[in-house]
Each structure stands twice: as C-alpha cells, then as structure tokens.
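Look for subunit A in each of the two complexes below; its partner is subunit B in the first and subunit C in the second.
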Partner chain A sequence: MQTVQTTGLASTSRKNRTRSGRLAALVPYAFVAAPLAYLGVFMFWPLGRQIWMSLTDTRLMNPTHGDFVGLENYRDLLTDPQFYTSLNVTILYTLWTVVLGVGLGTVAALAMDRPFKGRTIIRAILLFGWAVPNVAATLVWLWIFNGPSGVANEITEWLGLGRIQWLTSIQWALPSILAVTVWQVAPFVMLVMLAALQSVPEEVREACRIDGADGLNVFRNVTLPYIMPTMQLVSLLVAVWSIRRFEIIYLLTGGGPIGSTSTLVVQIRLTAFEDYELGLASAYGAVGLLLALLVALINYLFERRRAKVMSK
Partner chain B sequence: MPKIDFNGISKTFGSNTVIRRFNASVEDGEFLVLLGPSGCGKSTLLRMIAGLADISGGDLLFDSQRANDWSPKERGVAFVFQSYALYPHMTVRSNIAFPLVMAAFRKWHHIPLVNMVQRWRVMQQPEVKAAVERIAEQLELTALLDRRPGSLSGGQRQRVALARSLVRDPSLYLLDEPLSNLDAKLRTQMRSEITTLHQKVKKTFVYVTHDQVEAMTMATRIVVMNSGIIQQIGTPDEIYDTPANTFVARFVGAPPMNLIPVQIVGDELSAEGIGWTHCGGTPERANSAIFGIRPEKMTISATGDGRMPGTVAVIERLGAETILGCRLGDGEYGGISTENLVFVRMPGHPPLGLGAACTLDYDDADAVWFDKPTGQRVTPLPATATPEAASAL
Partner chain C sequence: MKNAPLTAALRALLIVVLVTFAGFPIYWMASTALNVNAQLYNTGQVPWLQFGNLPELFRELVELPLLRWLFNTGLIAGGTTALSLTMGSILGYALSRFRFHGRGMIGFLMFMTQVIPEALLVVPLYAMFITMGLLNSLWGLVLANVGFSLPVAAFILKSAMDAIPYEIEESATIDNCPRVGILTFIILPLIAPSLAAAAVISFFAGWNEFLFAATFLMDRELWPTSVGLASFIGQYETPLSAVMGAALVFSLPAVAFFLLVQRKIVAGLTSGAVKG
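For the complex of A and B:
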C-alpha cells in the first residue's frame, strides 16, 4: 500500500516537473513573440507582398487588382538599359560609400583614440554630421552645392577652378552625393570604431613595441586585426544602408541628370509613382533585396572563415 | 649583458608620486625580484626599464649609459606580460617568430604587399625556422606551433610568451607577474620552469610579483617595495631572516612574523595581559618596542613548560606541518578575527584542539626587535647584509 502511495506521489511530482519544464521551455518564445509579431506585420508581410506584386502587372491606378504575369516584370527589367544604369550606380555608390565612409571614419577614430587638447570638442563637431536629420542636412548641402550662389562654388572660384555644376552635371552629381553621404556616414563609423579601438589591449600593443615594431607595424599587427571584425560589421551596415538610401539622393538630384544618380531605390520611386508600374517597381525592389542579401552573405562568409581560422 | 643602475629614479602621475628616488643596481645574470603589494610601483618600475613608461626624475643607466630616452627597441629587452599579450590572430609559430620578423624589417617594407611577402620570406629563412623550433622544443611547444593562442591553456600561453621573449636572445628579461593568471598547480610548475630557464640562459631577469613565495623560491636577490619606496634589498635568506622593518617582516613569510608590541621592564616583557622573562637582551633606551619572532622559531606545548600562556584559536593542517594561531593569555579563544594571534609552525600533527590551553616558548636568540614608532629594526643587521640593504634602511 505504501509502495503504491509513494509511486503515486512520485508520479504527481514528475508530472508537475514536466509541466513546469514545458512552461519554462515556452518562456523564450514568449519573449520573442512581440518582436516577431512586429517584424511579421511590418517587414515580412510587406516583403512577401512586394515579391508577389513583382510577379503581377499591378499598376498604381489599380493597386489591388493585378494579374499574375510570372517573371514578365523581371524580363522587362533585364531588357531595360535604365536597370543596368541603376544597378551600376547603386554598386558604385555603395562601394565608394563603404570605402570612403569606413576609411575616413576609421582614420578619424584613430586620431580621436589618442589624447590631445580639445579632443572632446572636436569629437562633438565631427559627430554633428551624423546627428543632424538627413533631410535637414541634405537641404543645407543643396544650398552649398547651389550653382550660382553656393559655398562650394565660392571655394572653387577662389581656388581658380571656376564654377562647377555639382548636381546637374553627369560628371559631378554622383561624387557630390557621395560627399554628402560620407559626411553623414563617417561620424557614425568613427563612433563605432572608437569603441572598437578602446577595446584593443594596451599590453598587446606594448608587447609589439618591445618586439621591435614601429607605429605602423603596431597598427598593422595588433590594432587592425583587433578592430577588423568591427570594421567588417560596420562595412556591412554602411553597405546595406547605402543600397537602400533614398532621401539624400532624391533631394539632391532626384536621380538625374539623365538617370546618372538613379540608384535602385530611386528607380523604384520613379517607376512606381511616375510610371505607375507597381509590379515593375516591386521587381526593382526584389533586385535591391537580393543585392543586400549578397552583401550580407559575403560578410557571413568572411566571418565564418575568420572564426574557423581563429579556432585552430 | 648590461648592468642596470637606478640613480634616484622617480615616477609621478600628476601630483601623485608612485616611485620616490629609487636607488639600486641589477648585476649581470642576476634574478632580481621586485616584491611588494599591489600599487607599490613595482610594475611601473619594470615598465620604466622597458621604455614603456617615461621616467619623471633620476637616471636609468644601461652599462653606465643614460637610457632614459631610449626606445623599447633600443633597450633590447624582452618583456613577459601578466596577460601574456600574445597576438591572437597569429599562430604560435608566428608569435614566436615575430621579434625576428621585426628585426629584419626595413622602412620600405611598409609598402602594401611587400610587407606580406617580406614577412613570408623571413619566416621561411632556415635560421628563423631553426630558432623558432629550438625555442619551441626547449619550452615543449613543438606540437602547438600551428595553433592559435585562443586554443591554448593558460600555462601553454605563458610558455608561448616566454618563447617569444627568448627567441631574440635579449640580454635582459623583464617579467611582470607572469604567473598570476595561472592556477596554483600550474604556478608551481611554471615557477620551477622559469628558474630552470634562468639557470640555462644565464641572462639577467627582473621579475615583478606580489607573491612572496615566488620571490623566495626564484630570486637571487629581492627588492621589497612599499608605496614606491624600497623597504629592503637582499637575498631571500637575508630578507626572511633579517627583515629591515615591520613591513618586510609582515610581508615576507606565511604566516608572517609574529609582531607583538611589548612593555619592557629590565628583562621582563609584558603584552596582552601576560608577562614573561626574556634573557636575550632588549633594545636600549626603550620601555616599549615590537617583539618579532618567526612562527617556526616558536614551540607550543600543552604541558605548561613555556613562558607564554595562551589558547589555541586557529588550526591549519597542511599535511607535513600544522600552523596554530594562539591568543595570548588565558582568556577566550573565540571570535573569527586573526588579529593579535601568535602563530606557531609545527611539523606533523600536534595533539592540540581548538580552545585548548597551551604555552608558547622560543629561543631568546631568535627574537628580533623593532622600534615601535618607526617600525624599523633595532636588532643590528648581520655582517652578511648587502650594501644596498644597508643604504636602503
């Protein structure tokens, strides 16, 4: 009798344990439920809709009634010279933003990493570009690049270079946009890289100096390997942001002149709201997404290789 | 190999002086240990020798040449850091070969790609390969040469750090608490490995530690420091047997020397409510002083033969020996504080339990006297004490 009772108690206790175990297993899901719901509603659902729309002939005049046309939009895309121009501009714009933004941001971080008089003030000034809202900053730059009365032309005239059509010539429009973008991106990079630099152990730098390295060798052999993962991550972020950047380009040039600054995102806007082709615009969007995924994949492969090498 | 002289070396950070007029010299082939509590300035001193910290005052001489402004490279020293400071992205082989790669480096190697090619070429040179493999073999690292520091244990990392310092064959080795991150067993092992290494390479070692066991077991000479000031310089035996002041007496030895403030009337001493006769002489012109005696110089018995009655308050059984902490007088032994305990180190397992009444005794010749206000030793130093020791007092 006693044995039966004991078994019964043990069984009840096991059941309680199992139930509490099951509940405990659900806790992580409860925590991620809210962000998942948010992402589902505001990201995955529109993304799915966009991909579906890219397979239809939906037009802006009739946005809810598009017929399925298969890959026709993608075929149109691939036969449209403007698509290749946009793709080319997007890739160029992204690459230069990453190279210049991350490069200058890192150099600024290296300078800020050393103690000198006025460092705090200079750092605050450098961060200004990042802190100002995009639209406000772009409007200021629009005035700076203004042909007849802009500050930029005042300077070039003073330097004897004459007046330059910063935003209206094919030659200068993209570099001008790049200048504004880098002005905005570099401070953010500086801030992130500064944090990375401050995590480089001073003892390893000192060991390098004891081993006979000069300043440049200390940077190459200690600082750079330590900050490389952060630099890689920040490059990924800057690249993805560049692929989807809209307001700076649209406000400065509207994608012109003659489509020379029309990135994929600007082209989506033009196709959707000026040509009313929502299906085709969605196909542009899908290509942009693919490009961003490609950048993320490259980053992932680099990261995996690094982790593999470091674990040996 | 250089002889190093410190002529009134000082180091200040703003208004804070961490080292005051440090005078000492390091002889060729010596294993000098800088011993002191955290924050006493010993690591700062080591960094000043290496050229990693500026010297605020005084002269640092390498073979009588002023080296205050020499770069770390010009000083030709090797430095082993507490955190090992290995290059995590390089293999053990590259870590060890790095000083050799840097020695072969020329300014124009900074050109991108040339740098990589040049490094590869240096690594492929037979003499570099041979040097790395010889050192790796010496420190039992051969099997780990192609691994990265991240996959090594603490002891292995420490050996890689030592190998990196050895490969250049420098004349002076500076070691900054290199064993403090290791567990007790590994620390003991590495301690003897470093001692053996010193005997093998016959170079000058300057070693910083706050662990008096490391200092006593490895050093040929010890500099005891406190608050940036030398307390005593001497061989481990001199430091242990003839401490210059109460700080050294307390800092060196585990348990530390018993220091009992006593009242003196002729040959009669009194402290903690008890009195006893001391026939070994007492300090002149003093009716109060600090009576010091090492725990192993004391005897304890339950029979009442000793001069100092007490109660056993702490028992630490270490296997081969036992350490007993006794409270003088016949009062209670209770309380967890070890303040005012008199420690006795006994071989084996003495048959005494907690709270047992006991009597302590000692040989009068083993007593050491310190001045109560200054803490300085008043018992004369033996003639064997080094000149630096005498000047440091």
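For the complex of A and C:
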C-alpha cells in the first residue's frame, strides 16, 4: 500500500535522535494538528455530547442542561412501538437500496461498457440523479407523485391501474421513496462499476470466448470475480448512506404516514423537534450510528477474509 | 455469436429504459417550469417544453428572492470549499508523506466522519452555536459543513499525492524550502485535477446542504436556495412553475461541475473508502 519512496521521509528512526531529528519527528503532528483539532471540535465533541445526551433527560427548551438518568431513554426506546417500526424500516430501506441501487447501477454499467455512438451524452444523462441537489430532486419527485395532478397517477390511470396514493399510503410510501433513492444512487454505482469494468483484461475474456464459453459464462467466470471487490465496496457505501440519509425521506413523506417511513435518522429529528425529547432523540441516533458501524464492520470482516483467501 | 443481434437489441432497449428513468424527472422539471400555473392546476400539464412561456417564467422567477438565495448559497459553498481544501491538503499531505504514531487512528477517525449521520450532530451543534454566538450565521453553517467535506477532500488529495514520486520534492527539501512551500508550490499544482475534484465535492456539499441550514438559520435573509425552495413544500398555493424553474437554476451548476470531474471523484472516494 505504501510506496517505497515515501517511507524515506519518516525521520523517526533511532539513529536520528538528534535535536533536529526530534524536531523533524514532530513535523507530521504540526501538519495534522489543525485539521484534527477542527474535526475534534466540530465532529467528535458534538458526537460525544450527543451520545452523552442519550443518558440524560435534556429537552429542547434548554438544550445545554439535563440530568443524568442512566439508561432510561434506552428503556423508553425498547417499549416504544415506533422504535421497532423505525428499526424495521431502516433495515428494509437499506437492504432494498443496496439490492436495487447496486443491481441497477451494475446493469447500467454493463450496458454502457462497450463504446457506441452517443455514449458520452447518454452517460451524462444517466448521471443526472447523482448530480442534482437533494432539495431540487425532492421537489420534482413530489410533483411527479402528486395525488390529483401528478404525472405518475396520469400514467397509472392510463394503464388502467387507477390512482395510487404514492407518498401518503403505508403500502406505497416506502416503495416510492425507494424509487427516488435508486434514481439518486444507481448513477453513482454505475460510475464506480464502469471504472471497475475497465480493469477487466480483455484478453482473458477473449481467451474464454475462444474456449467456447458463452456470454453468460464469460461474465460469471471472468468479469464477476474482477468486479466483485468494487461491488462490495460500493454496497458498503450505499448501505451506510441509506442509514444516514435524511433529506429526501424527510422532505418526501416527513416520516409518515403514521411513522411508517420514519427511519432512525428521521426519528432523531421528529423526536427532537416535534416531541422536544432530546435524550430520546439521542438514543435513536446512537442506535442509527451503531447500525452504520455494524455494516462497516461486516464489510471489514469480508475484506479481511478475502485478503486471506487471496494470499493463500 | 449467433444471437449477437438479439443481445444488441436487448442492450439498446435497456439503455432506452435507463435513460427514460434517469432523465425524465429533469425533463419534467423543465416542462413544469415552462407551464403556466393555471395549466398545472386546472387544465393539466402540457407535457412538452413550451419555450414560448420563457418570458412568463422569468417574470415569475424575479418575484422569488432567488438571487438572494443563490448569493447566500454561494457564500456557504465558497467558505466550505476554502476551509476544506486548506485543511484537506495539509491533512492529505501528512497522511501521504509521513509515517508517524497515530496515523492509522487518523484514518479511522476520517472514516468515522463518513458514517456519522448529519442528523445526529444537529442538536449538539445547535447547543454549541448558541454558546459561541454562531447560531443564525453563515459562518456557523460553514463550520458545520466542513466537518463532513474535509475528510473527503483529504481522501481525494492523499490518493493523488501518493502517485507523485518523492524525488520531485527531495531537491526542494535539501534547499531547505519549508514543507508548506513544497506542498503549495510543487505538490498541489501537480495534482490540479484532483484538487479540482475535491473543490467540486466540497463546493456542492455546501451548495446542496439543507438540514443544518434549515435548523441553524432563522433569518429569512440568510436562507440558502435549498431552504428557500424547501419552504414551498406543503404550502397550499405554490407558484409551482417558478419553483421548478428555480430548482432547475439551482441544479444546473451542480450537474455541470459533477459531470466535469466525475472520474476523479470516483477514484478519490473509492480509494479513500478502501483504505479507511
């Protein structure tokens, strides 16, 4: 991973323990001091404070004071039916965005891999969803999904399926949010997978074809093993983003109807700013963070196992 | 390859479906902007682009405080970029060029910042900004945004610097050129494309941000475009075509710049995540 040249810079070796050597050993810390101090103050201190808040009864009216109540907020969480709904919808949403987003993105990358006329412009169009700001995307999708005059309902009505309450029925709200999410996420997956596909050596594919393998076989035995590590990485990214995602869910449904699309992260907002229960909101947040870390850990374990298999 | 034409036809069909799904919402944004509100609410939307309505759209757009919003958005995005790039390049340089105790820990902390949900930091930052007097200020917003974009910028810049051979800066080291000088005048010009990608990511992180802005800014005068546009959601009488026109204006720079630096962004993000 490290290049040989760069290690020549580390002047912390024993024979360099002169005064200037010791000073030189401090240089890296001088470099990282400001950015780290920054992240400490604006990221990790607030994060720690938020986790601490989950052990207090802080309320929004007075956010800087709260009494320590131990695990009471977590006990409340476990007796709150909304917690199970939120946990459930977070996991469902995350799994579906990974399956559909990574699936569609990879299929798109495979279709776009070979050069054809107009590929650059089509590639640009396919990337729209990734580049458009969340709020702008939400606005147009809200209009598309609008009950009385939205185009989605015009289409379903024309198809004879009748009108659908896209964002306001328990049955359709989550699938509608998923459609918007896939629209945003799949382009990024496609971009990453296209880069990965370029690393597949064409000679190997060709040799496989000459040996009589059909397209599907070539894909399964040559292409797939090459792009698998990237696919796993991009799945991790998509999963973590889904657990973190707030804006489009909050703006599309506000977590409704009756909390059915309120993921853990949306629930932080609702509990804090509608119920004013900062302690409980923090507990929701802590569970959300734990879930994201769990996904990262699973990915890390997979990665390590693959590294072992490869070194054998 | 007897079924090659069939495969090609299926692929063409697939691409048509994908283009429709990906492009339709943007087309619809434009189409809605070019309808007049009476059509949208009464007679039904005219699905094609009525360019004849451009003057009408322009008249409606002027009634929105769009320029004010875009100005604020630009300030937030510019501040976020300046801070992220300055700190990101020194952090990226240190991670690329030095081996020191705690280096792995820093990598882990940077990875952590990508896992933390923004919504989790809203309340503690809010409380902190009250005491620091940064509530209802664009500065506070920049400071909150940079926490998320700085590590990404550092990832991108570090992976670009890793590809620059050390010999290039060695002669400058012997000439006792300070390291910061080496970074600024030798390394950064060499990785200009990656620097541009990091700039685009930071800029549009600030440009698109909604949650912090919606929570920390009370003053309407300070609203960025994201908050201004979102304020129309759920309103009874929305000037829909103007809102869509504004959304289009708001999206255009993001789309243009992301398309410009797409490949570099992918390289930086994936390498950062792999090594995190």
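The criterion applied here is as follows: the second predicted complex is superposed on the first by the 277 of 312 C-alpha atoms of A that agree within 3 Å, B and C clash if a C-alpha of one lies under 4 Å from a C-alpha of the other, contacts with A are read in each partner's own complex, and residues count from 1 in each chain.
As a convention for this text, a contact is a pair of C-beta atoms (placed from the backbone, for glycine too) under 8 Å apart; a residue touches a chain by one contact, two chains touch by 3 or more.
Just so it is clear, the structure is predicted and the values come from calculations on it, not from any experiment.
A.B. asks: Sticking to the clash and touch definitions up top, decide whether subunit B and subunit C on subunit A clash or fit.
C.D. replies: Subunit B and subunit C fit side by side in the superposed model.
A.B. asks: Looking at A:Leu233, would you say it contacts subunit B, subunit C, both, or neither? Reply first, second, both or neither.
C.D. replies: Touch partner of A:Leu233: subunit C, not subunit B.
A.B. asks: Applying the document's definition of touch, where does A:Ala34 land relative to subunit B and subunit C: first, second, both, or neither?
C.D. replies: Once the two structures are laid over each other on A, A:Ala34 reaches subunit C alone.
A.B. asks: One more residue to check, A:Met53. First (subunit B), second (subunit C), both or neither?
C.D. replies: Once the two structures are laid over each other on A, A:Met53 reaches subunit C alone.
A.B. asks: For A:Tyr84, select first, second, both or neither according to whether it touches subunit B, subunit C, the two together, or no partner.
C.D. replies: Neither partner.
A.B. asks: Examine A:Leu139 and indicate which partner it touches, taking first as subunit B and second as subunit C; both and neither are also allowed.
C.D. replies: A:Leu139: touches subunit C, not subunit B.
A.B. asks: Report the partner of subunit A that touches more of its residues: subunit B or subunit C.
C.D. replies: Here the partner covering more residues of subunit A is C.
A.B. asks: Under the stated touch criterion, which partner chain does A:Arg220 make contact with: subunit B (first), subunit C (second), both, or neither?
C.D. replies: The first partner, subunit B, only.
A.B. asks: Now for A:Phe68: first (subunit B), second (subunit C), both, or neither, which partner does it touch?
C.D. replies: Once the two structures are laid over each other on A, A:Phe68 reaches no partner at all.
A.B. asks: Could you say whether A:Glu206 touches subunit B, subunit C, both of them, or neither, answering first, second, both or neither?
C.D. replies: Touch status of A:Glu206: first partner only.
A.B. asks: Aligned on chain A, what is the least Cα gap between subunit B and subunit C? Give it in whole Å.
C.D. replies: Between subunit B and subunit C, the shortest C-alpha distance works out to 7 Å.
A.B. asks: Identify the residues of subunit A that lie in both the subunit B contact region and the subunit C contact region.
C.D. replies: none
A.B. asks: In their shared complex, at which residues does subunit A touch subunit B?
C.D. replies: 201, 203-204, 206-214, 216-217, 220-222, 225, 309-312
A.B. asks: In the complex formed with subunit C, which residues of subunit A make contact?
C.D. replies: It comes out as residues 1-3, 5-10, 12, 25, 27-29, 31-32, 34-36, 38-39, 42-47, 49-50, 53, 60, 63-64, 104, 107-108, 111-112, 122, 124-144, 149, 151, 183, 186-187, 191-192, 195, 215, 230, 233-234, 236-237, 240, 243-244, 246-247, 251, 265-266, 268-269, 272, 278, 281-282, 285, 288-289, 292-293, 296.
A.B. asks: Could you list, by residue number, the parts of subunit B that touch subunit A in their complex?
C.D. replies: Against subunit A, subunit B makes touches at 50, 52, 71-73, 77-79, 81-83, 85-89, 91, 98-99, 102-103, 105, 110, 115, 146-148, 150-151, 164, 168.
A.B. asks: Would you pull the subunit C residues touching subunit A in the complex into a rising list?
C.D. replies: Of all residues in subunit C, those touching subunit A are 7, 11, 14-15, 18-19, 21-23, 25-26, 28-29, 32, 40-41, 44-45, 47, 87-88, 90-91, 93-100, 103, 106, 109-128, 130-131, 143-144, 146-147, 150-151, 154, 162, 165-167, 179, 204, 207-208, 210-211, 225-226, 229-230, 232-233, 240, 243-244, 247-248, 250-251, 254-255, 258-259, 262-263, 266-267, 269-270, 273-275.
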